[in-house]
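Listed next: structures, encoded as structure tokens.
Paired with subunit B in one complex and with subunit C in the other, subunit A is shared by the two complexes that follow.
Up next is the complex of A and B:
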């Protein structure tokens, strides 16, 4: 067991190296990718600022708090992209038959798919989110204790697992339908946009949905309540503690769904 | 001793039924109808260790589906498969260690990596002992001439080179069984011959069991003693290649160039199957009439310019079998 994990890890890191090398071959695209994403997110932040300039607050959230909320979601999302973003192409791997070869090797096919890409382009978003979080931290005059840093770390890891789990879940649908990328755009993007704002501005149904069904609320909103000490919300702040366990459980469920899907895999073509 | 055991294997696919027109497309959005296609319909066979078997059939006959079930890629709808004692889809990773797979249409190698790095990676994935790996590499480099492209990325290889790299990759971990799905597709004559002699060699020297699908009948003729012929998901023939030739090779074709048209040529066991100008193709049965009898009959009635006899080609035989779509029992 341990030995096979080690072999899997060795394989993974080797493939990461390969993937980075491949992406660096196209230097121009590489730089533009990073820059492009950083700019896109900065643009969203500026829009927020403009909006808040006229409204002052949204449901009691001021601009720097919103920036923190936004930065936190982008941080875990960019880590998620690095590891899992290519899962949205799962249908392509199936249609093109790439997936077949993963099934005739003594390594779990899931690891094979994870190892297909290590998306360096996501460093643009990572950079943006770290800068945004630092600015928000300073502007809000936060001074976290060690325990709060732990909560923050838990939120980042848990948030990565929740969003990664979503990508895995959506990709698993492809085992039945062969098509899944559309689902990614119709499910993931709205959810991502939703996460840019305090959850309480949305209808109750949506709040419940993203808390208990697809737990996006745990990615940034609930931990932000806790970390920013916002107590006058309809959610008690202690919810924010649970991002990491929720992430682990949710990811496990998604992975299970994916492995069940594997048995329904209908290899394409002849 | 049999190394592959297949019993009453079935695989069905559900295909969404397309409905005509825009209204139909909308309707099928909400209410989708499915057609069930039996890609593999009750197939049974067993293959002995060290055998070299040609698994053939027309497009869509269920060849690839069977191979994919044997390799663990697909889960059967029902039936039993044992590959060297393992149930492939249940023990994929263990099964992967004992088999090698080459899909002629798709490379098993990493597209962006130089060929040698793909090999190194496979060495790691399959945990090939260093000395074994070295021995195999020395050998494959020599027989398959890998040196000329070892440092070229796989995406830049020619088809023939890629196929050589692929087959070497499939054999690096010393599999007991190798599945070759159209290993000679798209190769030129020289490359084909080379591939065949390599396949023959690994079968003879290493006792590797080979299961081969192909559209090229000369692959089968040159490589396999045994042939499993399938159509519509069923086994049509399973046995020696020589036997099928003997049984179905009774009809031959006589090609004659005459001075004039054949007006009416009625003779028992003879049939005009094609005519181009003054050239005629006559199909006849060896049992009813011998070639010399037929020739003398023709020259009695017509002025013959040229004459030749076509041997039964295995391809033609197979086509005949498909067209008759009868399950054949020969013993």
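Up next is the complex of A and C:
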């Protein structure tokens, strides 16, 4: 058992190495990709700024707080992209029948899919989110205690697991339906964009949905309440403590679903 | 002449039928459109919460603006996406198009007309009729206002089409358009007033926006639709759209001419 784990990890790092090398092969494309992503997110932040220029606040949140909320979500999303983003089009392997290859290799299929790509382009998002968070931190004059740094760390790790779990869940659907990428674009992407804004601006049903069913609220909104010291919202501030456990539980459930799907999998091959 | 148009029309018809065959595609696009409408509706509602009118625009006008904007965006998005054009250039599929006896930019326009009209008839029109009945937004009250809105919306569509296809053709020279592409998309989404109308821009940004072609895509038709742009002010706005359309179309023809030569060179 231990040995197979070790061997799996060895294969994993080998494949990741290859993936990074292929991405670094085209230097120009590599740099453009990173810059492109950083700019896309900067664009969204600028749009928020323009929007709040005449209005000043949105339900008591000012621009820098909004930027913090946004930056926090992008930070965990960028880590999630590195490991899990390619799960969204895992269905292509199933449709083309190339998924069968993964089953006969000396590494667990899940780890194999994770290792398919180590998306270096995500450094663009990472760059943006770190810069955004630092600017927001300075502008808001925050001064976190040690415990708040722990909450922040928990939010990043937990947020990565929640969003990664969601991607794993969606890709798992493909074991039954053979197609699932559309689910990502119609279900997860809008839900993610929703979280760029304070949750309290949305109807109650949606607030409950992203808290208890698809726990996106734990990615950025709930921890941000604690980290920004916003106590007058309709959510009690202690909710933000739970991001890490929620992330671990949610990811475990999603992984379980994926494995059930894998056992159910019948090749699409001819 | 008539024969040529009949040929292009055939592309429209075929594309209409093809859209009818991929109905799931259409439905998921509707779902996405409605969800972003919902998100933006909530955002604007929250922005206006506890405020009367901002920059002389009431919440009701803004709601109307975002509704018509999303309806127009829904129609725009039913056309061939940018990445599809880029894919054809990269894979060389576009070479086949050059061999055929039609004008590629014009053919694409007619093809998109087919998928867009299918999407409009089956999804956008019934859906937004219901939404409009429910929310009672500002709509054009006279036939002339409707006419001007439609004219402006068509001009806006053609501006975006020319710009996007031109941009897609740059793939002939740049294999990787990553960063430039993101600036392009950002400019379209911000300066076209697709989600934030130019009224709320800081003055300096609004003056930059007024010098760019993008405002003609959504902002002008939307503003005419909700009645914030009316009377004498409409004429210069339409003229501005026409001028930009001519410039963008000229640019498209120029880039297309250069690009077709480029293919010949690569072909061998």
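Criterion: the second predicted complex is superposed on the first by the 270 of 270 C-alpha atoms of A that agree within 3 Å, B and C clash if a C-alpha of one lies under 4 Å from a C-alpha of the other, contacts with A are read in each partner's own complex, and residues count from 1 in each chain.
Basically, a residue touches a chain if its C-beta (ideal position, glycine included) is under 8 Å from a C-beta of that chain, and two chains touch if they have at least 3 such contacts.
If you're wondering where the values come from, they're calculated on a predicted model, not measured in any experiment.
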Checklist entry - If you stack the two complexes on chain A, which partner ends up touching A:7: first (subunit B), second (subunit C), both, or neither? => result first
Item to check | Greater subunit A contact set [subunit C / subunit B] | outcome: C
Checklist entry - Which partner does A:105 contact after superposing on A: first (subunit B), second (subunit C), both, neither? => result first
Checklist entry - Thinking of the overlay built on chain A, is A:194 touched by subunit B (first), by subunit C (second), by both, or by neither? => result second
Next on the checklist: Let me test your reading of the model: by the given contact rule, A:266 touches which partner, first (subunit B), second (subunit C), both or neither?
Outcome noted: first
Checklist entry - Between subunit B (first) and subunit C (second), which, if any, makes contact with A:51: first, second, both or neither? => result second
Next on the checklist: A:35 in the overlay: touching subunit B, subunit C, both, or neither? Say first, second, both or neither.
Outcome noted: second
Checklist entry - For A:97, is the partner it touches subunit B (first), subunit C (second), both, or none of the two (neither)? => result first
Next on the checklist: Going by the contact rule set out at the top, does A:26 touch subunit B (first), subunit C (second), both, or neither?
Outcome noted: second
Checklist outcome for this item: Where subunit B and subunit C land on the same part of subunit A: residues none
Next on the checklist: Under the definition above, what is the set of subunit A residues touching subunit C in their complex?
Outcome noted: 26, 28-29, 32-33, 35-37, 39-40, 43, 46-47, 50-55, 58-59, 182, 185-186, 189-190, 193-194, 197-198, 200-203
Checklist entry - Can you list the residues on subunit A that touch subunit B in the complex? => result 7, 10-11, 14-15, 18, 22, 96-98, 100-101, 103-109, 263-267, 269-270
Item to check | Contact footprint of subunit A on subunit B as seen in their complex | outcome: 13, 59-60, 63-64, 68, 71-75, 89, 92-94, 96-97, 99, 101, 103, 105-106, 108, 110, 112-113, 117, 121, 124-127
Checklist entry - Which positions of subunit C touch subunit A when the two form their complex? => result 24, 28, 31-32, 35-36, 39, 42-43, 45-49, 51, 54-55, 175-183, 185-186, 189-190, 195-196, 199-202, 205
